[in-house]
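The structure that follows is given in the form of structure tokens.
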Amino acid sequence: MTNQIIPSVKRRQIIELAESGKRMDGRSLTDLRKVEIKTNVVEKAEGSATVKFGDTYVIAGVKFEIGEPFPDTPNEGVMSVSAEFVPLASPGFETGPPDENAIELARVVDRGLRESKLLDTSKLCLIPGKKVWIAWVDIFILDHCGNLIDASSLASLCALLTSKLPKAEVVGDEVKILDEYAPVPLRAVPINITLAKIGDKLFVDPSLDEEEVMDCRLSVAFALDDQKQEKICAMQKGGVGTLSFEELLRAVEIAKVKSQELRKLLPSGEK
Amino acid sequence: MDKKLITEDGRRLDGRRFDELRPIKFQIGVLKNADGSAYVEWGRTKILVGVFGPRESHPKHLAMPDRCLIRARYHMAPFSVEERKSPAPSRREIELSKVIREALEPAIFVELFPRTTIDIFAEVLQADGSTRCAAISTAALALADAGIPMRDLVSSVAVAKVDGNLVLDVMDIEDKLGDSDMPLAMMPSKNLITLIQMDGLLTNEEFAKSVELAKKGCMEVYAKQKEALDSHFRIASKEEV
Amino acid sequence: MTNQIIPSVKRRQIIELAESGKRMDGRSLTDLRKVEIKTNVVEKAEGSATVKFGDTYVIAGVKFEIGEPFPDTPNEGVMSVSAEFVPLASPGFETGPPDENAIELARVVDRGLRESKLLDTSKLCLIPGKKVWIAWVDIFILDHCGNLIDASSLASLCALLTSKLPKAEVVGDEVKILDEYAPVPLRAVPINITLAKIGDKLFVDPSLDEEEVMDCRLSVAFALDDQKQEKICAMQKGGVGTLSFEELLRAVEIAKVKSQELRKLLPSGEK
Amino acid sequence: MDKKLITEDGRRLDGRRFDELRPIKFQIGVLKNADGSAYVEWGRTKILVGVFGPRESHPKHLAMPDRCLIRARYHMAPFSVEERKSPAPSRREIELSKVIREALEPAIFVELFPRTTIDIFAEVLQADGSTRCAAISTAALALADAGIPMRDLVSSVAVAKVDGNLVLDVMDIEDKLGDSDMPLAMMPSKNLITLIQMDGLLTNEEFAKSVELAKKGCMEVYAKQKEALDSHFRIASKEEV
Amino acid sequence: MDKKLITEDGRRLDGRRFDELRPIKFQIGVLKNADGSAYVEWGRTKILVGVFGPRESHPKHLAMPDRCLIRARYHMAPFSVEERKSPAPSRREIELSKVIREALEPAIFVELFPRTTIDIFAEVLQADGSTRCAAISTAALALADAGIPMRDLVSSVAVAKVDGNLVLDVMDIEDKLGDSDMPLAMMPSKNLITLIQMDGLLTNEEFAKSVELAKKGCMEVYAKQKEALDSHFRIASKEEV
Amino acid sequence: MTNQIIPSVKRRQIIELAESGKRMDGRSLTDLRKVEIKTNVVEKAEGSATVKFGDTYVIAGVKFEIGEPFPDTPNEGVMSVSAEFVPLASPGFETGPPDENAIELARVVDRGLRESKLLDTSKLCLIPGKKVWIAWVDIFILDHCGNLIDASSLASLCALLTSKLPKAEVVGDEVKILDEYAPVPLRAVPINITLAKIGDKLFVDPSLDEEEVMDCRLSVAFALDDQKQEKICAMQKGGVGTLSFEELLRAVEIAKVKSQELRKLLPSGEK
């Protein structure tokens, strides 16, 4: 993406429109595209969700597997987030192991989920130091029309929120998985909002056109802590442009408001 | 085999008759970026196929002067199966990618697009048996959606021998516990086979009957494919008005 | 292979000759090339064989190793078949991990061996759920002059038929390998026959020239079941051409006859 | 959290005040082959950076007609951390390579060298926190040493929340046991941010304060960078005499 | 060392004298596709070598304007050793491929074939010591079979120190339990060394004696190589009549 | 390296200078460049050293980790030597897995260390057959100005000589690592000397210029055995040229003398 010659005509158009607060797809600078969430779309997964932000289309699935804890956290389960840019999603995607963009995406989503303390990993321990639940969160990008981070974060979140953990019985050193399920022990729920900077304007939920000409982007995840206070739990700048300090703080304020809007769309019962 | 796959009243575990397909729902044109796309829910098997091309061959030395290069990839999501699948392509996925390409290529007028490539990407979101057949049948629709000239659609279905009976459209448990599995793909209006594989133990007579049953199944899949195309292009042409 | 421009002159010659039932190397359409089998060619392997079909030259070796069973078959040993197209076998082969052709070959051979129930894997279990014998069958293509599937299947079969399984003593959770050997527990023996379709003719045991111009090929494996009844145990179409239903059934009939002919060449004592 | 990161008398575990950098020692021009190089000992963090370019792009299809391609690699020696690190690049190293490139690229006049590549290689010999900040700050010096025209240096530092306090220049144990970590890089004389990442839980107000503290830290790093450049070029010009 | 490698009557475990080669049987021209090929049974060591070229270099950027590129690959079959070898090339195989190439290349008139490549592929079917020496000696015959102009053959053998004695043509158990291993290759009629490696503990004097013994062994291998060539070309010319 | 066109002018200059016993950097044919050794440069490693031979700059680090012994040496610890040609060391180095040059380098260094019996691996056993110390020796080439083998061997040696082994307590099947260290059990110390052959001359400690035009190189490692007798413990020819038998023996004699010179530079207390 970054290696392409910037289509300067398109950039000029986008900037000119933005002067009057408008965008090519008719949105205002702070509008999200239409967000659609479907959960439990893959019955064989313990949790799954598809999310659309306009034409951007992402699926996430959760599988639980028994494995070993990390040596430095023997009493905690493990969460592992991966993302694949499958090649049907964009003419620019190629087969092969994840590239730096897919790895960054997975790690940004992971940090949002992890730092919000969404998943109570201490409840995923089966035999301390030996056997714990591993929560595999796998993200597939199915149609890339911009703002993969927010769509992927939301899909992963919704897959986890609606997932079911198999019950297990521990007898000595053996774990027997039962044919029953419990809800997954979840806590504060992180919502990620990405803004693109183009010229001196900030664009919420950037489209692919906007991403192609942006200077840089900023992604900010907000979660509610134990006291229901709203806190920033993760942040990532991307792209080769710069941000002024004023822009940074303004972006964070906008993201906070938008995260509240998005939070309302979560599967019911969730905060 | 401990588990019985055929119930007392001669039905399969999901209630189907021996020669009955599962519910199959095709959707065409479901992706924005792909030149053509289709999605299927085939029982619990769910597959999304995207097609790109004809487009410039890359790397260039792959380009063929007298025809189009066809590439196909069959790929399973980690969460599509009971045990999480590692993301790296398995030997099974590599073989299936090859046979799927060989099942579709005979239907494409490859000589019309020299020096280009057509890429067919099938993503299995949930696997419950007959995924290669579902992928082939759905890819044929995605190719049509991309406007690629074809001799015919390709329709595919698998036949198994299960507790001594030949059954149509094999689901996962029948594949795993059954005695044989035979996926077959054909160009229905040409009456030509483009894929056949088999494992299990069959007499020549049983094999011949399996082939007949598969042919019947392919014809039914073909009808559903054409129906999906009709309704897709009817909607598309309305939208254009 | 598939990427080459089809040498249309050669194809026309082959088809013209076939009209009068002949082939470029003097065979009739249903003749096998001269088949040579040598077993126990690598003393360090538990089983080994070289097979020639004319100039096509293949070696297969069997090694037994102790490993873990698959979780869903805790009482069964494991058989793993791999094939390498080593680069001395053809100017077109390259070094590197197996490509789709090598993988397809290994999997077709594997299915023939597996579906015939040749190897009684239940007899390869040492400690249920924990330790079983793994039978590694490794195929090396040494000279590629056509019909690798039949030559590789036969070499793997003969290597297994003449292999010896180390005896082992199980004491608690430990397995001690003894310096004695038992024959490998084998059952129905699969024979694979490949036919190439060129124009409207079927060519048994295709040569490299024939493979280069073929429409497609069909490989059929036959085995004798418990009642000594001959059954199809595996089948694979390859290549981008098509088969009519009549051609398919005709090919299967021819393959059956030829498999009987090939079966007679097996190391003595085998069915 | 069992371990206290702030002592009774309000100091950090290595005796620093909350807003105090660790000792930072830059050395410039330490390698013979690299076009530019620099080495830093930043507390116990030790990083060597080499720069090659602008040089011909390889493979050629990567070359861009209107600008220079910037590549960066952040790489840890197996012996740089407590547990031996496998030599294969980890996902963390791949992400950090990307953000480091994006932190440095805004400072480089890339349009001056069309069709070429500048490679920035950072080798972490010992890691004790804030390695990406140290790598960025040191790479800026290596770029200067290579004579590559820049808009400004890039200076970087991380701020953490530790036992309720915001502290400057995060060391390993503060990163691991602290409540948040926020690396920030900027072009100091332009007052523009080129990198920001954050994890942990911060209110908007705490975040704003973290940013202020990071800015102060970057300014101090900037002073050290300029000092290192001055003394390097003073020596270099003496040697030339 | 528990196991004695030299018997009471001063023989080695397979009955050989200290300075005696194992039975060596070369066969030339054993493959149809390769431009040149040879096979050896050297005691229980069995190696097949195929040579392709001079042929067009691929990828093209490897081509050298003033000479031929020589590539060599030493590769072991998974079933060639006691414990099954993983098919991926080991570090040992990669190093041996390099030293084998460097042992053979001095004998080839590389300047006669600019811009081309000669590929030498050695497949070890069974390994029982001295495989690199056997591969080099056999590859020299395969190169001759391919009609590639050479300054001389290359002949190779290894010498070990075993229970205090220097022994010629090391077999597996002597390599594993012996005190040193020294493979050496030479162009016999030129008296020039093209490969030497050594590990173990030897005084300078012992080393000099090892080298002498290896030279004697190479000369014997050379005689066998020429014999094989003679008989091959005698048969070949008869066949042509 | 080997693929480059030999700069024949430079080669002629080097040979001409050598006729009068001189080299381009002012050394005589048998002079080493200035050798600098620093140990304990990476405190987090159990042992570490940087070594310079002129501008050639190498770092080696030693880490101890608990792992499993090889099945055929159940009572011995493991030493593993790896080398990375990190890309800042030379415009010719590329990222990616080690190539044949890096692998040869690591294996030559490894053989020198191993065959000298430097490391007493029998003292690294914790639980026979189950748990032993693995000594990871990792070499990074930081600036490639010729003669990587000698610099890397010396850096690895010095890192091992100054390394400290964590003490460990074995209770049943568990190993507890204590916060104390013991010196590493070391024995005869190997010193490697490399000579380049250019024309009919031998050049000790070749520079990069010399390596680029050399016919071949010979590396010889010397160690003192139990009786303090100096012995050759490893040797490796590299490059596509040839050596006469006379040159071989002469090179070994020179290497012996130079190894004695280099041995004197070892961290004090070492033989």
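The letters A, B, C, D, E and F name the chains in turn, as written, and every chain counts its residues from 1.
Methods note: a contact is a pair of C-beta atoms (placed from the backbone, for glycine too) under 8 Å apart; a residue touches a chain by one contact, two chains touch by 3 or more.
Worth saying up front: this structure is predicted, and the values here are computed from it rather than measured.
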item: Steps needed, at minimum, to go from subunit A to subunit D via contacts; value: 1
item: Co-neighbours of subunit F and subunit C - touch as defined; value: E
item: Identity of the chain that, by mean CA position, is farthest from subunit F; value: B
item: Far-end chain from subunit C, centres as C-alpha averages; value: D
item: Centre-to-centre distance between subunit D and subunit B (centres being mean Cα positions), rounded to whole Å; value: 52
item: Chain centre separation (subunit C, subunit E; CA means) in Å; value: 32
item: Category of the chain touch graph - line, ring, star, complete, other; value: ring
item: Chain order around the ring, beginning at subunit B and proceeding next to subunit C; value: B, C, E, F, D, A
item: Subunit A partner contacts - residues on subunit B that touch it in the complex; value: 31-34, 37, 44, 46, 48-50, 52, 55, 73, 75, 77-84, 87-88, 119, 121, 123, 125-128
item: Of subunit B, residues touching subunit C in the complex; value: 62, 64-66, 69, 91-92, 94-95, 97-99, 101-102, 105-106, 182, 187, 190-204, 207-208, 211, 215
item: Subunit A - residues contacting subunit B, complex; value: 41-45, 48, 55, 57, 59, 61-63, 65, 82, 84, 86-91, 95, 97, 136, 138, 140, 142-145
item: Parts of subunit A lying in touch with subunit D, wherever the complex brings them together; value: 3, 5, 100-101, 103-104, 106-107, 111, 114-117, 216, 218, 223, 225, 229-245, 248-249, 252-253, 256
